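I've put the structures underneath this note.
In what comes next, chain A is part of two complexes: it sits with chain B in the first one and with chain C in the second one.
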Partner chain A sequence: MADTTARPSPEQVRWRTHGRTRRSTRTLRMRTSAVIVTLVVLAVLVVPPLVNLDEQAVDLALKLQPPSPAHPFGTDDVGRDLLLRCVYGLRVSLLVGLVAALVATVIGTAVGAAAAAFGGWVDRIVMRLVDTFSSVPHLLLGIFIVAMFRPGVWPVIVSVALTHWLSTARIVRSEVLSLRSRPYIDAAVSGGASRLRVIVRHLLPGVMPQAALAAVLMVPHAMWHESALSFLGLGLPSHQASLGNLIQTARSSLLAGDWWPTLFPGLFLIIPTLAIAGLAGAWRERINPRRRSELML
Partner chain B sequence: MARMAGRRILFAVPVLLVVTFGVFAVADASPFDPVKAYAGTAGLTSSQANLDQLRANLGVDQPLVTRWWNWITAALTGDLGDSGVMRQPVADVITERLGWSTLLAATAFLIAIVLGGGLGVLAARKQGGWLDRCAGSAAYTLEAAPAFWLGLLAMWFFALKLGVLPAGGLTDTDSDVITFGQVASHLVLPACVLGITQLPWFFLYVRQGVADALEEDPVRGARARGTSERTVLFGHALRSGMLPALTLVGSRVPELITGALLVETVFSWPGIAAATVQAATSVDFPLLAALTVLATAAVLVGNLLSDLLYGIADPRVGFDG
Partner chain C sequence: MLELAAVTAGYERGRPVVRDAHLTVHPGESVGLLGPSGCGKSTLARVAALLHRPDAGTVTLDGTRVQGWRHRAPRAQRTAIGVVFQQPRLSADPRLRLRDLIGEPLRATGRRDEVPSRVAELSATVGLGDDLLGRRPHEVSDGQLQRACLARALVLRPRWLVCDEMTAMLDASTTAALVAVVEEYRSAHGAGLLTVGHDRVLLERWCDRTVRWDEVAPGAAPVQG
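So, the complex of A and B:
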């Protein structure tokens, strides 16, 4: 808002009002997202220890009850309360997503920073490899890894992490490349700092916001990935039911015409995804205000 | 242009070599044992000598690089090994199923382009209007919704609740012959679900492109000449706004394959993606390896196509890259 004194052209006026309406919806979206994310975190952290209920408690007399005040989400095919199952499933999915995103971010940051800092043929080879592995569809690579290493928590985490570090490596590399030509780096180099010190002390802190943003955006994607693998029967074992497992086991009930065991786990996946994306979008606008028009997800 | 295409195809060779080697290396590092997989339950009772003999016969005792190279040279002659789960050569599985997957994917893309393009133009015409906001929110929600979940709900609603469409498969279970009508009615649900999962990005791109084009000089000029709004929208804005999105279709092959993996499994569509999932659940390495490489090749072809189309759509882009 530099030229507030100048008389605005009609176009500027239009843009400004346009901007104002957009800003208010943006704030609304950000606040809603923040509330939902808080609720999700509270639900997965507080509900399991507080409500001392067994989510595995089987009650065949109550099987496949439609949603009711006693069971807001209904019950599944062996009479387990679906609301409780969904909260526990979200807990598992979120945990897997968080760990996978963390591992992927660490690998991606290390590779991207190393490629950019060393430059030359190291950079060229590393980036060619990144390009090569980007051309294998992520889910397919994940399916392949899990199939070879047998389904389980760690193969799922590893397969999700191994397919997701590529984009972080690209982001971190380009960020380091743009930081490398800044005067403070020249100052550090001429001050006699070693290459490692320049990377760790001066470059990495500069790329942290971007890497952290990529990590946050990766969490819902990793959750999606995990549920897709679990749905295909290649994910977590059924005693650690994630949202994907819930949908997988709901398939037989769905074919019998009962929709609620399928519907609610899916909503538990979509709503946190949108909320995290909304928050991350607002954050991105703050750290990088120029890229407003970019797609959020 | 031919030179650029040729160069890109040459670049694809090392990429495919690295990917195949990666596939073999992962399998080599995993606890997966091809001998046990081949022998099945018989492997539990047979003697160690027999197992060793089998190991030698299958060529598994050779080092990783030799096995990889043997596979490559055999693959070049069209021999991709035998699939355990399908009980036929891998090459036959692919030729049998590739057509059905292509049909599904092409129909889905068509649905996404027509629906997404139309909605995108309408949304861009009145930016911030109710249609724009509704379609925008719906697009983000759909982007977040897992394809398998959408597929299951669509199956429940249209096949079970309304009973208007078949729930899955290629033909009815009681018919042996594949007729056009049967396939068409069975195609509707999977193609719509796959199309809808591809719709959000296309809609958002077209909307952005058309909205940008509406601010540009040609559109202003056309309006100043008194051209009807319809011609402005579809003749000028859509043309420059939709082309970039259309050229991106090729680069969306990975997302399409991901969607197909889930949608084909949900609807038991006899395509190549459903075969991949079957191969993975029963650890059928020859089939899985071939399909992974095939998918990578499809992605590379898609990227090439997208670049070529972009060059045709926008002559300012050179073909040197």
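So, the complex of A and C:
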């Protein structure tokens, strides 16, 4: 055709839109993640009080029904509606993830900031302790901690929180160490500020963005840990819907060829955690634009 | 009297930046310390401001031998010395508005009630308008920020001032304005001044006495580069 000669060649188009394509995938990822996270939050907050159904309701006549209009996700091996159980399971996982990440971040920030701010032998002892704890596999330590309590939500939260503050402590410590040598800390010392005031007024506000980011990135990690513990039968009691429990009880039916009790809880675990991680990634690029340009090179 | 005797200081064990330095500043006197960049004069200024513990040597402040540095120094000793640093960007907490930046030493020493009056007084002295006081460091220029940093150094009415290349980043008119503020403060309060720099003309016009780095630390290793 005659008019095609006027168009730029494919190379030119790619060259010109190169930057724009990158940027649009980034905002696409951020938008998709934001939409999914919003849907998840709405689902776990609104659905349970609104539908007012019993997610424990057993109907043996309807056991292992494939997905249908009445039960969009099908039913499990004792005839409970899987969609409802997935929503309740996600609610528990999200709760555990949020609370555990929050507690872990508070512990990690306090320990890391104290170690870096005091320095010297305090720093050395505290960080060697952190190294010692990190050398034990997280899951093993987590199993040890949950095994000491009766199964329930709180032991899982304690177990996940107590095994996950180490990385935050390291991040906060290195961040405080770099802030501590800035002249404005010298100026504060010279202005008569006490050690505590330097930490609270100048150092902690400086590490807040990094600590908050670490907290958000930890939520999906904590959710996976909760599921892993429940899958191993050490987390929540098995009648209570949790994503790990759902996958655990679905194992036997998967071998019989019934795919839905495994697939849907799995997707409920993977998609929201990826969405939260995606949002956190977009946030990290925003607070640290230099690292973004390094990544793009 | 602010007296540094046989001070050896550095950042790594066995590699001192300053060797065997002697320097005395009398009350009300202004001393300019002149040296090339990288010779260790900022380190000596940090030792004099009780911000860096020397490896050897003594510092005597108003007749008392200094026993500890940074937080180990008593608050009265630390706040007797006002410090102005070379780079205002790095010496201002990026989260504090200029108003809070200037008043911070008063808050830190539990004199919160003096904050409004002192901040108003000092911002007029250093020439900062009311709209600038409400801004954060990234919203003002280097010169404006250095004015705020000088006001912060003066807010506790120190008996000594240590200015480490205070005007190195600034244009001539801001330099003149800040030097005038320091001199005005000194004549009103009789404070001693140690100012560090590499600009011979400026220091000789500003100070009662200028000393060269090789007079302060005769044993200094030749500066590389």
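Criterion: the second predicted complex is superposed on the first by the 268 of 297 C-alpha atoms of A that agree within 3 Å, B and C clash if a C-alpha of one lies under 4 Å from a C-alpha of the other, contacts with A are read in each partner's own complex, and residues count from 1 in each chain.
Simple rule for what comes next: contacts are C-beta pairs under 8 Å (C-beta built on N, C-alpha and C of every residue); 3 or more make two chains touch, one makes a residue touch a chain.
Bear in mind that the values here come from a model prediction, so they are computed numbers and not experimental data.
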item	value
Superposed partners chain B and chain C on chain A - clash or fit	fit
Touching partner for A:His202 - first (chain B), second (chain C), both, neither	second
First (chain B), second (chain C), both or neither touched by A:Ser194	second
Touching partner for A:Tyr184 - first (chain B), second (chain C), both, neither	second
In the superposition, chain B vs chain C on chain A residues touched	B
Chain B versus chain C as contact partner of A:Trp283, first or second or both or neither	neither
Gap in Å between nearest CA atoms once chain C and chain B share a frame through chain A	18
Residues of chain A that lie at the interface with chain B and also at the interface with chain C	none
Residue ranges of chain B touching chain A (in the complex, touch as defined)	14-15, 18-19, 22-23, 26-27, 30-32, 128, 140-141, 143-146, 148-149, 152-153, 155-156, 160-161, 167, 201, 204, 208, 253-255, 257-258, 261-262, 265, 276-277, 279-281, 283, 285, 288, 291-292, 295-296, 299-300, 303
Partner chain B, residues of chain A touching it in the complex	18, 21-22, 129, 131-133, 135-141, 143-150, 220, 224, 227-228, 231-234, 247, 250-251, 254-255, 257, 259, 262-263, 265-266, 269-270, 273-274, 277, 293, 295-297
In the complex with chain A, residue positions of chain C that touch it	46, 49-51, 70-71, 75, 78-79, 81-83, 85, 87, 90-95, 104-105, 108-109, 149, 152-153, 155-156
Chain C contact footprint on chain A (complex, rising order)	182-184, 186-195, 197, 201-202, 205-206
